[in-house]
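One chain, chain A, links the two complexes that follow: it is found with chain B in the first and with chain C in the second.
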Partner chain A sequence: MNNSSSGNVGIVIVSHSPKIAEGAADMVRQMVGDAVPLAWTGGDSDGGLGTNVAGILEAIELAWSPAGVAILVDLGGAETNSEMAVEMLAEDRRASVVVCNAPVVEGAVIAATESSGGSSLAAVKRSAEEFYA
Partner chain B sequence: MSLDRAVREKLVRALAESMIEHADELTSLDQAIGDGDHGLNMKRGFLAVLATLPALADKSLPEMLKTIGMTLVMKVGGASGPLVGTFFMELGKALPDQPTRADLVAATDKAINAVKARGRSEAGQKTLLDVLVPVQAVLADGGDARAIAAEAAQAADRTTPMLAIRGRASFLGERSIGHMDPGSRSASLLIGAAVAILEFEAVS
Partner chain C sequence: MHDVNAGCAAETFVPLTASAVLVNPVGLHARPSVKLTQCAKGFVAKIEFALAADGPWTDAKSPVKVMRVKAPQGATLHFRVTGPDGEAALAALLTLVHDGFGEA
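Coming up: the complex of A and B.
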């Protein structure tokens, strides 16, 4: 997990596999450097393949930005757990965190690129979702 | 239905034991049409719930159910954590300390709607809703514990010929047909364990 401070939209990568999440984060960093707050999480609470709400909450905290946070997920449980995590956030933060309906690797890179230009959370989400639509 | 502290503790132990004892079976069902972690995930979640006893049973029924739900959300992982956890949390929000059957009917209806919203799913898609919905109907129709347990088991069986529309099994398309849905099986086991305790207390 890593982070940087900026006013740009933060990106959180959630995969069942910590290796995929970390690798996708590496690809994002290569594109945007430190211009975007970024965090990744993957694996269940025992370290096996899976996702867990506590890890996602921690990643949202790490990637937090006043402009909001866009979450990229891989398969079903990652999405369900991410939506659960968003609902568990403090009420004033909930509306500033969105789960994108986009492929995790490509979506993360596109979302981060959009964010690095200072785009809004809605624009970041839209570009990630539109790329493969 | 008396739900004093001793019954609450027994109920928690019965729910947890049903998942721990059947972990291997749930995992092998999930290996057939999912990612093979359902048994392990549910066991991990309920071991975490067990670890909060005896203090857990000191709580009122609504608080106890909310705590169980939150523990499952945090510990189960997979889509089942938020789905089953949401069910328990919503029951906790909707039930009074000593519920009547009417309270239970209303609360289970709310909890099922919350599960539908969480999974963006409906009955008929080869998920735990295919057990929760028909069992809730038996509860609402006045069925006794035996009828509820029987419906839970039969409803899980009825998922075998269904085509999966939601969850990992939906990737298999028609190959999901012919296998029981693991989430339906765990739901039916939990319901069976719960009504066995509640029935036992009702006649004692």
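Coming up: the complex of A and C.
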């Protein structure tokens, strides 16, 4: 589930629950549209609740954009595994991927809205994080 | 530098204002807020709206701020638009509200 033809900032949704991640992605698609590269991942490698670095790396690849990628996470491991995934990226890509301090569902919709208007990665992150401001 | 120039240019434009009544059954909830923001972002003009003619004004290009207004059905949205494409922006915004953001 991606749309990599766009030059807009990509959005990655990471939740412990694949259902939450997929549902949040559905909301983004329906509310914001197709102008934003989007990918989601959730669950551990055994199919239980959790997150895994390989899945996050794959999602970053799917949502990749020259403008960068903003990751929205839920709790604990989702954040630490996302940070680990970012560290495992090629050096020239690392600076173009950020983890947002924002609620996963609302943040994903807001970040995608901001991205769909052609905003920079920094603006996308700032907008998503306004939710806690 | 580009932003500074745009800011200076914007100051030479007279703000345009107009208003429209929200017809959406649930008001300016999440989906219309996103549409309003996306529409506003398509223009370089500074675009603000308020529930009263004298403000307080909300940046229409900020999805979070637009949603926080929680404008109900029947509310009048006052727009204040400043910039080179202000007229087109105002027309697009009014059409969007009149058409119930495509959902009414």
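The definition used in the following text is that the second predicted complex is superposed on the first by the 129 of 133 C-alpha atoms of A that agree within 3 Å, B and C clash if a C-alpha of one lies under 4 Å from a C-alpha of the other, contacts with A are read in each partner's own complex, and residues count from 1 in each chain.
By definition in this document, contacts are C-beta pairs under 8 Å (C-beta built on N, C-alpha and C of every residue); 3 or more make two chains touch, one makes a residue touch a chain.
Computed from a prediction, not measured in an experiment: that's the story for all the values here.
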item	value
Clash or fit, chain B versus chain C on superposed chain A	fit
Chain A residues touched by each partner, larger count belonging to chain B or chain C	B
First, second, both or neither for A:Glu130, with chain B first and chain C second	second
First (chain B), second (chain C), both or neither touched by A:Asn81	first
Which superposed partner A:Thr51 touches (first chain B, second chain C, both, neither)	first
Partner chain in contact with A:Ile110 - chain B first, chain C second, else both or neither	second
Chain B versus chain C as contact partner of A:Met31, first or second or both or neither	second
Partner chain in contact with A:Gly118 - chain B first, chain C second, else both or neither	second
Chain B versus chain C as contact partner of A:Leu89, first or second or both or neither	neither
Distance of closest approach, chain C and chain B, by C-alpha atoms in Å	27
Residues on chain A lying within both footprints (that of chain B and that of chain C)	none
Chain A-facing residues of chain B, complex	35, 37, 40-41, 44, 73-75, 77-83, 85-86, 118-119, 166-168
Residue numbers on chain C that touch chain A, as the complex places them	30-31, 34, 37-38, 41-42, 61-65
In the complex with chain C, residue positions of chain A that touch it	31-33, 109-110, 113-114, 116-119, 127, 130-131
Residue ranges of chain A touching chain B (in the complex, touch as defined)	16, 44-46, 48-54, 75-77, 80-81, 83-84, 88
